[in-house]
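Chain IDs A, B, C, D, E and F follow the sequence of writing; residue 1 opens each chain.
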Amino acid sequence: MNNYAHRVLERLRQKYPSEEEYLQSVQTWLEMIDPALDDPRYEKLDLLTRMVEPERMVTFLVPWVDDQGNAHTNHGYRVQFNSAIGPYKGGLRFHPSVNASVVKFLGFEQTYKNALTGLPIGGASGGADFDPRGRSDREIMRFCQSFMNALYRYIGADTDIPAGDIGVGAKEIGYLYGQYKRLLGKAESSALTGKGLTYGGSKVRLEAAGSGTVYFLDRMVGSQGDTLEGKTIAVSGFGNMSWGVCRKAAQLGAKVVTLSGPDGYVYDPEGITGQEKLDYLLEMRDSGKDKVSAYARRFGVEFFPGKKP
Amino acid sequence: MNNYAHRVLERLRQKYPSEEEYLQSVQTWLEMIDPALDDPRYEKLDLLTRMVEPERMVTFLVPWVDDQGNAHTNHGYRVQFNSAIGPYKGGLRFHPSVNASVVKFLGFEQTYKNALTGLPIGGASGGADFDPRGRSDREIMRFCQSFMNALYRYIGADTDIPAGDIGVGAKEIGYLYGQYKRLLGKAESSALTGKGLTYGGSKVRLEAAGSGTVYFLDRMVGSQGDTLEGKTIAVSGFGNMSWGVCRKAAQLGAKVVTLSGPDGYVYDPEGITGQEKLDYLLEMRDSGKDKVSAYARRFGVEFFPGKKP
Amino acid sequence: MNNYAHRVLERLRQKYPSEEEYLQSVQTWLEMIDPALDDPRYEKLDLLTRMVEPERMVTFLVPWVDDQGNAHTNHGYRVQFNSAIGPYKGGLRFHPSVNASVVKFLGFEQTYKNALTGLPIGGASGGADFDPRGRSDREIMRFCQSFMNALYRYIGADTDIPAGDIGVGAKEIGYLYGQYKRLLGKAESSALTGKGLTYGGSKVRLEAAGSGTVYFLDRMVGSQGDTLEGKTIAVSGFGNMSWGVCRKAAQLGAKVVTLSGPDGYVYDPEGITGQEKLDYLLEMRDSGKDKVSAYARRFGVEFFPGKKP
Amino acid sequence: MNNYAHRVLERLRQKYPSEEEYLQSVQTWLEMIDPALDDPRYEKLDLLTRMVEPERMVTFLVPWVDDQGNAHTNHGYRVQFNSAIGPYKGGLRFHPSVNASVVKFLGFEQTYKNALTGLPIGGASGGADFDPRGRSDREIMRFCQSFMNALYRYIGADTDIPAGDIGVGAKEIGYLYGQYKRLLGKAESSALTGKGLTYGGSKVRLEAAGSGTVYFLDRMVGSQGDTLEGKTIAVSGFGNMSWGVCRKAAQLGAKVVTLSGPDGYVYDPEGITGQEKLDYLLEMRDSGKDKVSAYARRFGVEFFPGKKP
Amino acid sequence: MNNYAHRVLERLRQKYPSEEEYLQSVQTWLEMIDPALDDPRYEKLDLLTRMVEPERMVTFLVPWVDDQGNAHTNHGYRVQFNSAIGPYKGGLRFHPSVNASVVKFLGFEQTYKNALTGLPIGGASGGADFDPRGRSDREIMRFCQSFMNALYRYIGADTDIPAGDIGVGAKEIGYLYGQYKRLLGKAESSALTGKGLTYGGSKVRLEAAGSGTVYFLDRMVGSQGDTLEGKTIAVSGFGNMSWGVCRKAAQLGAKVVTLSGPDGYVYDPEGITGQEKLDYLLEMRDSGKDKVSAYARRFGVEFFPGKKP
Amino acid sequence: MNNYAHRVLERLRQKYPSEEEYLQSVQTWLEMIDPALDDPRYEKLDLLTRMVEPERMVTFLVPWVDDQGNAHTNHGYRVQFNSAIGPYKGGLRFHPSVNASVVKFLGFEQTYKNALTGLPIGGASGGADFDPRGRSDREIMRFCQSFMNALYRYIGADTDIPAGDIGVGAKEIGYLYGQYKRLLGKAESSALTGKGLTYGGSKVRLEAAGSGTVYFLDRMVGSQGDTLEGKTIAVSGFGNMSWGVCRKAAQLGAKVVTLSGPDGYVYDPEGITGQEKLDYLLEMRDSGKDKVSAYARRFGVEFFPGKKP
C-alpha cells in the first residue's frame, strides 16, 4: 500500500482500536484505490484523512420509558460523513449492534454509494442501539420521539436527509417525521425520505432498490456483449430488495431461483416470478417471522436449513 | 458494588473497551457513591447511565494549513456531559493526547466539580489532538479559527461556555473568541471564559484557582480546629495554579516550600513567598521552557532532577 | 350518530357555544362520515378530535391609523388547522364578519378540500375583521403591513402558505408579500400564493378555480356516461370563479345562462360565451360596483332584481 | 360609563358573547378607571382596546397517551396580553375549567398586577384544560412534554416567561423546563420561573407571595397611622400563600386565626404561629388531600364544615 | 507622520475623496497617536486600517408616506465601526446632513470615546438624512417604523445597541423600540438605550452626560492640585448636556455663566444655578423653539445675538 | 429630461459626488426612459429613487494574511440593488478597481438585465478591491474564506444568490462555497451559482453566455427578415464569452473573424471555427497569459498590436 495511505490507516488504528467494521472497510477501500494514489498533492492536502474520516459525528443519549414505567437510556448516533458534493444523506438503523464503528462504516460506504449515482449527494448514517423487536407501538413511538428531540437540529433539506434502514421502516419514519414536524412547526417533507405516500413519500420507492440492482447487473452483462435474457440468478435474503430484484429480473427475462433467511435457503428451479410468488414475498416480510422456509412450504420447493452467511 | 451500578459499568466497558481514562474515572466514582445506591428508584429511572454518560458528544474534523502549505487534519471534540442543573461549562484542551476517552473523562469530572460550587452550572469538556508546541502564532490562529468554524454552533451563553485548559491559554481563547465574534456578528462575551481583561474577561481570574484551593484547604484544616497559620506546604507543578497557591498561602500565614516541573523539583526551605519569587514564577511559566530548575538557579536553592510523576 | 362522534361534538358545543358556523360544519361532516366510524381504534387514538379541531390558532391585534389620523384596532387570525399530510395552506379573508368561528369553519373545510386534490397539502385559514370597502389604498396598505408584522413569523414555504379570499385580492397580496419580503429580507415567493405574475405569481391562476369546477362537473357527468356537450348551466355569482366557469364550459361545449350578484340575477338564453361577454365579466368585477344588472344593460338581456341567497 | 369605554365593552360583548370571566373583569376595570377617561386622545389612539384585549393568543391541541394506552387531546393556551412595558409574564394553569375566557381574564389581571410592582414586566397567562388529579407522574410528564413541544417557540427570557399556577407546581415546572431545555439544547433558566432551587430557581420564592401580601397590608394599615402589631387576621385557603401570610404576620406581631379548604374552615384563637403549626401547613398541602379539617384534628381547634366560597 | 500611517491615510483619501468629516477626524487621530506608532508589527498586522475604517457599514433605503400621501425615500445608515473590545454601541442621528462621511466620522470617534470608559463596549453610529422638523408625529412614527423594518436584523443586546442623537429623542426611541419589539415579538430592552423610564429605561440618564463632563473636568483640575470650588465656567449649547453641566457644576461649587443657541449667547454673571433656572433650561429645550434668547428675557440677563460657531 | 428625473439625478450627484460609473449609468438610463416618465404618480410614489438607488448595501473589511505573514485589509461589498420581482442575484468581482461606485453601477445594470430574462429575479452585485493576480492559491483561499465569513449572513437561496465575475472563477466560487457550506453546516447549493459540475453546478454554464448573445443577435437579424447564415462577425475579447459566441455562431452558419486582447487583435479571415481553434481559445484563456497574439502565431493569421479599447 502507498506510504501515505499506510500512515493514514495506522493513525486510524491507533485512534479507534476497537472499531473493527469501520477499520476493515477503510482498509479495503484504501487497497482498492491504491493504484490511483501516486500524486504527491494528495498528501500535501491530506486528502485521504478527509475521505476516510467523518466530517462530524454526533452521539447523544436517548431516554425513554417503557410500558411498565421503567426508564431506559439508549445511544443515538448521526455520522455526517462527507458533504463535499452535496448534503449528507443516509439511513437510520435501530438495532442492538449499532455503535460508533458500525455507523462510521455505514456512513463511509454510503458516501461512495451516493457519489456513484452521479447526483450531488453526500454521505451519512445514524441510528441507535435500540431494539424495536418485542416493543409495543407506543414504546417505539416514544423512543422515536425522544430520538428526534435530540436529532432534529442536525438534519434538514439542505443539511442531512435521513432515511430508514434496519429497524426503521415506514412506521418508524412516520413517528420520526411526525415529531420533526411538530417541533419545527413545519412540514419540511424533504428532510426525511421513506415517508408514506399519503404525506409526501415517493412513488416506486419500494421497487427502487431492487430495480437499480438489476439495472446495474444488466449494464455489467451488457458490457460483455451479453444480456440478462434467459439468465439464472441466485439471490440472498428475502426482503424488499430481493422482492424488487425478482420482479425486475423477471421483466428483463431472467429467472431468480434462490432466496435465503436466517433459517436457511430455498431453491425454486422454476423461478421466483409471477404475481403470486412476488406478493407472497411481501407477505413473508410483513409477517415479521423472518423465516424463508415459509416460501418452501407455500410453493412446494426444497428448503435447505442452515445459518445465513 | 451495587448490582445496578455493576451492570451500568459493564455496559460501558463493552461499549467503550478502549476508553481507559473514562472507564477508570466512572468506576472510581461508582465505588465512591456505592453507599448511597440502595434506592430501587434509581434503576427504575436508569439514573446512573444518565450520570456517567454524556448527554451529547460532537466530534469533527479540523482541517488547517501550516506555514509550509501542507494541510493537516485534526480531531475536534465537544462533550456536553450534563446540563441537569445548568448550561454546559468546561475547558478546551489542545494536546496530542486528546481523544474521546480523555474528553469524556474530563467532562465527567467537570460535571461534579461544577456542581460542588453550589452554582447552577452543568459540565462539559472538549478540545483537539492538535499540538500547539512548535507552531507559529499564525498556525495556531488558523487552527483556532478552523476549530471555531465547526464549534460555534454548539456553544453560547445559556448553552455551553468553554474555557481554556492545557494548550489553550489567553492567546488561543483570543483567537477562538475573535472567530466566534466574527461568525456570529456579535460580541457575546459570556460564551467563552478566559478572555483577556480588555475585551470582557474577569478580574482575579489568574488568582482564582490557587486561591480557591487554599481556601478549601483552610476550611479542611479549620474543621479539625486548626489553622493554616505557620503551616508548611508542598506544591507540585509551577504554573498559574501553583503561583496562586503560593500567593494565597503566604497571605494566610503558611509557607510553600516545593515546586515541580517535567525536569524535577526544587526545595526552597525559606518558602516561595514575597513579590520577587512570585513574579519569577509567572516569568518562568511565560518563558515556555517548562523547566523548574530555573527557579533553583535564580534563587540559589536545591534542585532535584527527575521525572514529574 | 356514532357514540364517540357524538361525545366529540358535545365537547365542542360546550367549549365553543357561540361558534355556529364552525359547529355546523363539524356536525355535517361527522354525520357524513358516520358510516365509517365503527373502528374502536379511532376513539383509542382520539382521532376525531384531532380532525375537527385546529392544531393551532393564533389571534392577534392589528393596530393601524386611518388617513384622518385615528387609530383602529382589528382582530387578526390564523388557524393552522391540520398538517397531517403537508404544510398548512388556506386563504386570508378581510371582512367585518371574520371571527374565530368563521376562520375555524373555513380552515376545517379547507383541510378536506386540499386533501381531495391528492397533493400533500394541509389546511388553514385566516384573516381579519377589517373592512377594506371605503378605505383608501394607503389605509389598506398600512393595514396589510401591520397585519403582516404580526403574521410573518407563523408562515413560510414549508410551514403555512396563505392565499387570498374575500377582501384579499392581488392588491392586498402585493402589500402583504411586500412587507413579508422586507421583514425577512428575502423574496420567498413560495410563502404566499395569489401574487402578481411579474413578481413570482402563477400563470392561469385566474382561470384555475373555474376550470377545476367545470372539470369536476365533467367527470361527474362522465361517470353517468354522459358529456357536457350541449348542456345548459346556471351559475351564481359573477366574479373570477364565474368567469372561469363560463369560459371553460364554453370550451367543453356547454352554455352558461345565468349570473347573479347582490342586486339580483340575469338570464342570458344565448349563453355567456364569446370573448366580448367574458371580457365584460372581468370588467364588471374590476369596477368594484358589485352589481350584475350592468350585464343585463350591456347585452340587452333580462335582469331579475332580488337579494342573492 | 364614558362613551368610548362603553363602545369598547359592547364590541367585546358581541365578539366574545360566552366569555363571562373575561367580560366581567374588563367591565369592572373600565368602571374603576372611568374617572380618568375624559381625554379625547384615548379614543383617537384606540387606547382602551389595546388595554383590554390581548396582543396575541395562541391556542393549540395537546395530544398525549395515558398509562392504559388511550390517546387524549387537550386544549393548550398562551395569552400574551400586553408587552407595553416589558416581556410577557404570567402563570400556567392546568385545570378542567381552563378556557379562552379564563386565560384572557387571568392575563388581563396579570398585566396590571405586574405593572404595579414598578418593574418593567408585561402580562400573560396560559395553561390547559388538563386535569392532573388522579394522573400518574408519568402521565403528567408526558402531558407536560407534549404541552411544551407546542409552547416552546412562543416563550423565552425576553419574550414571555411562564410561571406555575393551579395544577402547575414544582414538579410540573420541572417537566416543562426539562423538555424546554432538551428542545432548545440550552439551559435558559430565565425562560420559566418556579424552578427548583437546585437547577436555577430562586430562594425565598415559597415565602414571597405571602410576605408581599402582608407587606402590602402593613403599608395600608400604616397609611392610617396604625401598625399590624397586635392585630388579628382571618385568612382563607391553606396553601403556600396562606403559609407565607401566617409566617410573615407573626413576624410583624399579628395573629392569623382562620384557614379554609374545600371542606370548611378552622378557627384557631391562639393564632397559627410557631414553627410546628407553620410546618404542618406545608405538610397538609403536600399530602394532596386538600382538607383543612386535618389542622383542627392535629391541633385540637374547632372545625366548621362547609364549602369554601 | 509615520510612513505607515501616511500610507493608510492616503489610501483613505483615494477611496473616499468626498468624505471630509471622516477624513479630517482620521487625520487628526493619526497625528495624535503618531508618537506611539514606531513598532513595525503594527504595519505587519495592518492594525491602523482596522482602527480607522469601520468593520461593517449597512446603508438602506427608507421609504415612507407623508400625511398628504406622497412617498419619500430617505437613506438609512448603520456603521458598525469596531467590536474589538465589545458590542457595537452608538447613536442614531436623523438630520438632513447625515451621510456616509458623517456616520463614519461619528462611529470612529464613538469607538474611542466608549473605550475610554474602561467598559468593554465597541463603537458604532447611524441614522438617516430624514428631517423630523416640521413633520407630524404620525409621519415621524411611520418613518421610524420603516427605518426599523430595515435596521432590526443588524442590532441586538450583544450585537449593536443604538441610542439617540440629534433628531432622535425619547419619542423617536419609543417608536423605534416599539417596532423592534413588535417585529421580534420580544421586549429585548437591552437592544436600545434612551428608552423611557416606564418601559425599561435607565434612571439618571438625563443627568449622566453633564455629570460625566463635570467629573472629568474635576479630575483634570484635580491633577493640577486645584478644585472646581469657586471656578467660573463658560458653556456652549443649552440642551440636556448643558443642563447637566450647570447642575453638577453647581453641586461641586462652580458657576456656569454662559449658554448659547443658534440665535446667539447669554451671559448670566450670577451663574445658571438654582432649581428655577435649571428647570427653565429643560423647558426651553422642550419648547422646540431652539432660541437661547428666551433665557435672557426670562431672567433679565444680557443676550448677544450671533451665529453659534 | 423630465423634471422629476432631473431632481432625482441631482440628488444623487450631491450625495455621491465621486461615484462616476454609477452616476453615468443612472443618467443614461434616465435619458433612455425619459419618454415614459410623464405619469405624475411616479413622483408621488418616488418610484425613480427606488429604481436608481440600491435597497441595501453592505460594506465590510476583509482581513487576511499573505504567505509571508503580512496582514492585509481589503474592502468587501454587497449591493442588494432591487428585489421588487425576486431575490437579489448578481456577480462578485475581485479587482483593485472595485469600489462603491463600481458595485452600484454593476448592481443597477444587473437589475434590468435580470428583469429582461422574464424570470422573477432581482438585481445585485458585489466583490472586493482584492487583486488575485500574483497571489498563491492558499492566499486566494484565505481571502475567499475571510470574505465569506462576513458575507454569509446576507446571502441564501431566496435572499441573494451571488455568481462569479472578473477575478471570481470556478476556483474562487469553490473556496467561497466551501466556506459557506462549512459555516452553515449545509450544502445549500442554490445559494451560489458558478459552482463546479461535481458539487451542484449547472451543465452548459460555460456555453450559456455566448449562446445567449448569438441567439439575441439572431432574433435581431430575424426581425429584419434576415438570418445569420453566411454572416461575418467581429468579436472583441477572447475569453469564455468569445469562445461561446464563436461556437454558437458557427452552429448557426455565421463566421467570427476577429478576437482581441490587451495586446491587440487578430484577424482570421477563414473564421474562428472548428474544434481545434475553439479548443485553443479555452487553452489561451486558461494559460493566464492574457495575450491574443498567441492565436495568431498558432494559426498563422495576422496580429495587430495595440491597446484593447
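By definition in this document, contacts are C-beta pairs under 8 Å (C-beta built on N, C-alpha and C of every residue); 3 or more make two chains touch, one makes a residue touch a chain.
This is a predicted model, so every value here is computed, not measured.
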Angle of the C-alpha superposing rotation, subunit A to subunit B, to the nearest 5 degrees: 180
From the C-alpha centre of subunit C to that of subunit D, how far is it in Å? 41
Note: subunit F sits from subunit C at a C-alpha centroid distance in Å of 45
Need the CA-centroid distance for the pair subunit A / subunit E, whole Å please. 63
In subunit A, what residues contact two or more other chains? 56, 69, 150, 185
So which chains actually touch one another? I want all the pairs, not just one. A-B, A-C, A-D, A-F, B-D, B-E, B-F, C-D, C-E, C-F, D-E, E-F
Within the complex, which stretch of subunit C touches subunit A? 83-88, 120, 122, 156, 158-159
Which bits of subunit C are touching subunit E when the two form their complex? 65, 67, 69, 136, 138, 149-150, 153, 182-183, 185
Across the complex, what residues on subunit D touch subunit C? 15-18, 44-46, 49-50, 53-61, 63, 69-73, 75, 99, 150
Please give the residue numbers of subunit F that touch subunit A in the complex, ascending. 181, 185-189, 198-200
